[in-house]
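Alright, structures below, take your time with them.
Heads up, the next two complexes both have subunit A, just with different partners, subunit B and then subunit C.
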Partner chain A sequence: MSGQPSALEKVVAFVDERVGLKTLQAKMLNEPVPGGSRWAYVFGSCLLFIFIMQVVTGILLMFYYVPSADHAYASTQYIIHEVDYGWFILSYHFWGSSAMVVMVFAHMSQVFLWGAYKKPRELIWLIGLALFGLVMAFGFTGYLLPWDQRAYWATTVGVEIMDKTPLVGDFMARFLKGGPTPGQMTLSRFFVIHVMILPAALMGLAGLHLFLFRKAGPAGPFRGSAEELRARTDYFFPRQVWKDIVAMGAVFVTICSLAFIEPVVLLEEATPDPGDYHPEPEWYFLFLFQMLRLKIFSGELGQFVAGVAIPLGFMVFLASLPFIDRSPERNIFKRPIALIGWLLVMTGILVFTVSAIINREFLD
Partner chain B sequence: MQPKLKSRVRCADREVGEVTRIIVDPLSREISHIVVGDGAGAPERQIPAAQVQAVTEDTVQLRGTSSELAQFPAFRREGYVTIREVEIAHLEDHLHVEPGEVLVPVPELERNVERRTFFTNFTHAVSLLLALPLAFPVLRYLMKPMYAPFDNRWIKIGNVGKIKAEDVGVQFKFKKSVKEAFMPEAEIDKNVWVLKASPAVLEGVYKGKDLEFKDHTGQVVWTNKRDVPYVAYSGKCPHLGCGYKWRNVPKLGRQIFLCPCHLSIYDPSGKVLDGPAPRALDPVPIRVTASGEIEIIDVEFKAGTRAQIRIV
Partner chain C sequence: MVAWPAVWTGVPIKIVLGLLLLAMGVHPWEMPGLALLLLLSIPIDIWALGVSARTVFLDRLHLEPPESVGVTLWWQAALLSAIYLPIAYGIESQVVAGAKGVVGGIFEVELLKNLPVPERISLELVLWGSVATVVLLGLALGWLFLFGRIVQRPAAVARPLTEPYQALVRRWDLLRVPTDQPLLLTGFTATGVLLVLLFWTVMPVTTPHPHELYRKEPAKVEVFKPTEALQKTEKLIAQAESAVKALEAKAKQGAKGKTSAKGGARGAGERAR
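Right, the complex of A and B next:
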């Protein structure tokens, strides 16, 4: 015990002198959480975790995957059947995408119900909505890459829906497909969007989301006096970090279990003849799919309303929410319209999704 | 005005020392306490902000006398961290407790620079001008494969011998060779539905008129005669482009075309009976040789529009 710093301490001191590591660490971890840590705050961290895992598994998949119409299917089959643990990496990536969507819904719901989108957090909410759009775009573009029948038809119908946008629809659809019908150009475009454009956009926007979140500080609970909040306030580390880690662990175990229980199985290779396959999108688009079946959404106008106007209108509504709802009241039990609206939207999505699933058996 | 660090602190009767530290509430971001020390070794006292009666640039006036000061708790440093060690949003914006200012000189060359706004705008203009010539080439680069000429080849799909009854949809699968950009030529599977139509159904399809198919130039490439009983429908549902099926529906007592995607239903003449489809099934150019071989041109129309808009 000479009192001399150890080699490790010297290294830490060396880095700290140049990076300001200790200050950075203190700034990162010592953020007061008003009203204390809560399980309700874990969703954002979980999303970050799921995204990082999608990046890791996605990069691993690219070691074997070939984005060409004549090799995409074969290379995906090779990953599933030949590469050691390939089935697991692919299935993890597949279920991870579903987990991402579930978690986005949970995160948005929490922020909405807690009234955390209100002043001064409007920009965080807006960027969050853009991130939501990116997550859906990830799901849509990634779905095509295995190049099986499921992939081909989900893309065919999905792009046709986009085509229904007035004026620019035809251009957008052709631009995305790289031609009048899906083919190699579509696969190339979806691939580059999925692995380059969307990840870059998501990293940038998620960074901005976090930066602005730190700038505004956590909103805290929607009720309780200043004294109560002060008494229960703690730092981000360790209690909230602990809750976040536990939640991430639960998410990880769930995704792994799903990958084991329901590993990805490909259908036939993509081709414009569906054979016996009944095209269907991924489950989180089922409600939209079912909505398009309704008689009131028939015809040219109906498709535009259900496929483009309603989803887009809903996003615009969500974006304008903090500017329409300017009351500082955050308690959800004192915001009946917000509560009923949320319940209606959730019930609507649930009912349409379930009816799409029930409809399946009548088709066979 | 906020009390400043190092300000002299007075009670009603005398000066008691100086402000040694300032404590801020992390939630309200307001100053909650000042810490007063006499500089002579007596314990520093933590005084609530409510005790402060008046503040000037360099003095803080407390309520009460110096003898009452002892009732306030001694300051315990271990219960606090500096504001450098925590992240509290907008804390610095709220704090004006440093006396004086800390400054750095403006470089000599930067003094008296005129036209600063001009230079700012000039920079923006140059950036824009750099980006502008790229916009069009990039757009054209990405648009390259978007519009392809129509394919008017006749494709053999099978023999009419496969059709056993009138007004029954029979699926003919066929291979179509495609050559896309740099890719090697490949065969893709496609299908059309062929019907040997009764006069009534034929009337439903053609409505008494021959059906013309045009090239992108508007030139007629083929005409389906209204009296030829064989009708071929594109395998693509005119709603959103799925593949539809021929189904016997006992409840309806008839056979229909059904699209499993969004449940559009068509009768044998292609008319929409139910569901969201905006138009009838699309007949494609068909000709039957003397030996009964069926040939079609694989035209495709845009799905989801009331009018037929050819895209392939």
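Right, the complex of A and C next:
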């Protein structure tokens, strides 16, 4: 018996000969991590994990969901009330989308604070920004699908903001709505974008993002000499893999807990009359929505500045950041403008989001 | 150095327990769920504090960690928290209430009275929120300072280590990864599978929060009784048969009547000619 390969070993050898499994495994797991494994590096892996879970739960939901204005609401209610564990799968999918936004913010913040967007990682940063846009688009298009009042009016508000974009705004708004008011065409288009176009784009860009990351290698910590970093260098497996698994487990359990604490409960079916409902977008767009309420941004020009110019300008600034900030210094404590800027943006988002929640009480 | 990693070492296990309680319909932030979670957290915290403290003693301080450092740090930290946290909560609540009152007073001034609601909300939030955040950070630092004093006491009497750095790294590394790794992985996987099975078993199948407008139509299930069905069918067939017979008889009678009527008419015609 000894010396003879087992059946499993034979299968592995067969596949390896044709696919190059062992080379692939070595490439995937033996990636050197300068300065050793860190908890700060788990966000990218967590994002990939959340996306995979969104795909899985999304497919399960599609078995029952009907993307028509007549049946979308009823089929979503059916998923919640009749399908075994349907309420949980839907709530997981809902909170998974929020977790993805939070994780994108965490990942981008880590890359920004670590100065990992600098040369030679400019392209990784740019593709990361495009992925950020896709994640927001996922949230925006998915929000309409349950076809209740919240969904309908959040989309109406969002499309109205989009309409203010110069040159392409009118076309984009008309294309997305497919008519004067949101209806069947809007739902069909949002559904196709949500389940076909965005996943395909995200998979392609995420693959490119990972390829470029592997090409450039991890940036490593921003402190410590090259010699120190080399001495503490670790391989991706097992330490970083273990940290990633623990973080993914924590993310999974947190999303599950949120699905239990605040499960999806639909409002009334969508109608073109808001009634007592005060339209507002999803929580991660609330800061922008609250900014639009400020008097300084009232009027056509003001709405354009707050709704389009500031977010678009900020994205353009982020995209050009690696080309503006050419200093090789990565230590965030030696980059005071970057640190203060990051703190201001985060505080601003937090203050306006909480203000929007307090504002809701005034309206109610 | 000890508190931060200890918190994050324990948190993943605690959220798993919290999730299981949620799946069972018990809220871990209310009694009795809270009491149960706190009780289950005791061994987790002792282990997490022990692992983190040993790592700091070996890696950072190059000192021999004292025996049962986890238990010692846990009860001292628990005592500290039992005294400190209610006081800190009281101070923070008072500060928030006071800051909100002062800020509310500022905005009652004639000059600021007509400020639009969205602007007022954000400005008020920034003003009282800044004070509350600074006090909260100060209180957190105060707790960390006192916890640091607790850790310093065993560190002051600990024996310095003379082993080479590599050996120290190996020692603290083995605190987390045991020598028998396949056993760890098997145990870990088995626990995972068990937890997943438990989770799906205790979780409600349909929503625990049904929509007030959602009405499920009660399904009408008719029980099929073969004898009754047969009797019903036989009765129907008999009825149909008698109906057919009656129709046939009527048709025959009709045909007879017509024939006699035709004969009568022909006779009358002939007579007229």
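Here is the rule we use: the second predicted complex is superposed on the first by the 362 of 364 C-alpha atoms of A that agree within 3 Å, B and C clash if a C-alpha of one lies under 4 Å from a C-alpha of the other, contacts with A are read in each partner's own complex, and residues count from 1 in each chain.
One rule holds in what follows: contacts are C-beta pairs under 8 Å (C-beta built on N, C-alpha and C of every residue); 3 or more make two chains touch, one makes a residue touch a chain.
Values in this document were obtained by computation on a predicted structure and should not be read as measured data.
> Clash or fit: subunit B and subunit C on subunit A?
Taken together on subunit A, subunit C would fit alongside subunit B, as the superposition shows.
> In the superposed arrangement, which partner chain does A:G341 touch: subunit B (first), subunit C (second), both, or neither?
In the superposed model, A:G341 contacts neither subunit B nor subunit C.
> A:A250 in the overlay: touching subunit B, subunit C, both, or neither? Say first, second, both or neither.
Touch partner of A:A250: subunit C, not subunit B.
> Quick check for you: in the superposed arrangement, does A:G133 touch first (subunit B), second (subunit C), both or neither?
Once the two structures are laid over each other on A, A:G133 reaches no partner at all.
> Return the chain, subunit B or subunit C, that is in touch with more residues of subunit A.
B
> With both complexes superposed on chain A, which partner does A:W87 reach: first (subunit B), second (subunit C), both or neither?
Second partner only.
> Quick check on the superposed pair: does A:R293 touch subunit B, subunit C, both, or neither? Answer first, second, both or neither.
After superposing on A, A:R293 lies in contact with both subunit B and subunit C.
> Check the residue A:V354 against both partner chains and state whether it touches subunit B (first), subunit C (second), both, or neither.
Only subunit C; A:V354 stays clear of subunit B.
> Touching A:P311, do we find subunit B (first), subunit C (second), both, or neither?
So A:P311 meets neither subunit B nor subunit C here.
> How far apart, in whole Å, are the nearest Cα atoms of subunit B and subunit C in the superposition?
For subunit B and subunit C in the superposition, the minimum C-alpha gap reads 8 Å.
> So which positions on subunit A get touched by both subunit B and subunit C?
Shared contact residues on subunit A: 293-295, 359.
> Which positions of subunit A touch subunit C when the two form their complex?
Residues in contact with subunit C: 39, 77, 80-82, 84-88, 246, 249-250, 253-254, 256-257, 260-261, 263, 265-266, 268, 290, 293-295, 351-352, 354-355, 358-359, 362.
> Spell out the part of subunit B that touches subunit A in their complex, as residue ranges.
25-28, 81, 84-90, 142-143, 145-148, 173, 178, 180-181, 183-184, 186, 188-191, 235-236, 239-243, 260-263, 274-278, 300, 302-306, 311-312
> In the complex of these two chains, what residues of subunit C are touching subunit A?
8, 11-12, 15-16, 18-19, 22-23, 116-119, 121-122, 125-126, 129, 199-200, 203-211, 213-214, 216
> Could you list, by residue number, the parts of subunit A that touch subunit B in their complex?
On the subunit A side, the touching residues are 23, 26-28, 30-32, 34, 68-70, 153, 156-157, 160-161, 163-164, 170-171, 174-175, 177-181, 183-185, 214-217, 226, 229-230, 233, 235, 271-275, 278-280, 289, 292-295, 297-300, 302-303, 359, 363.
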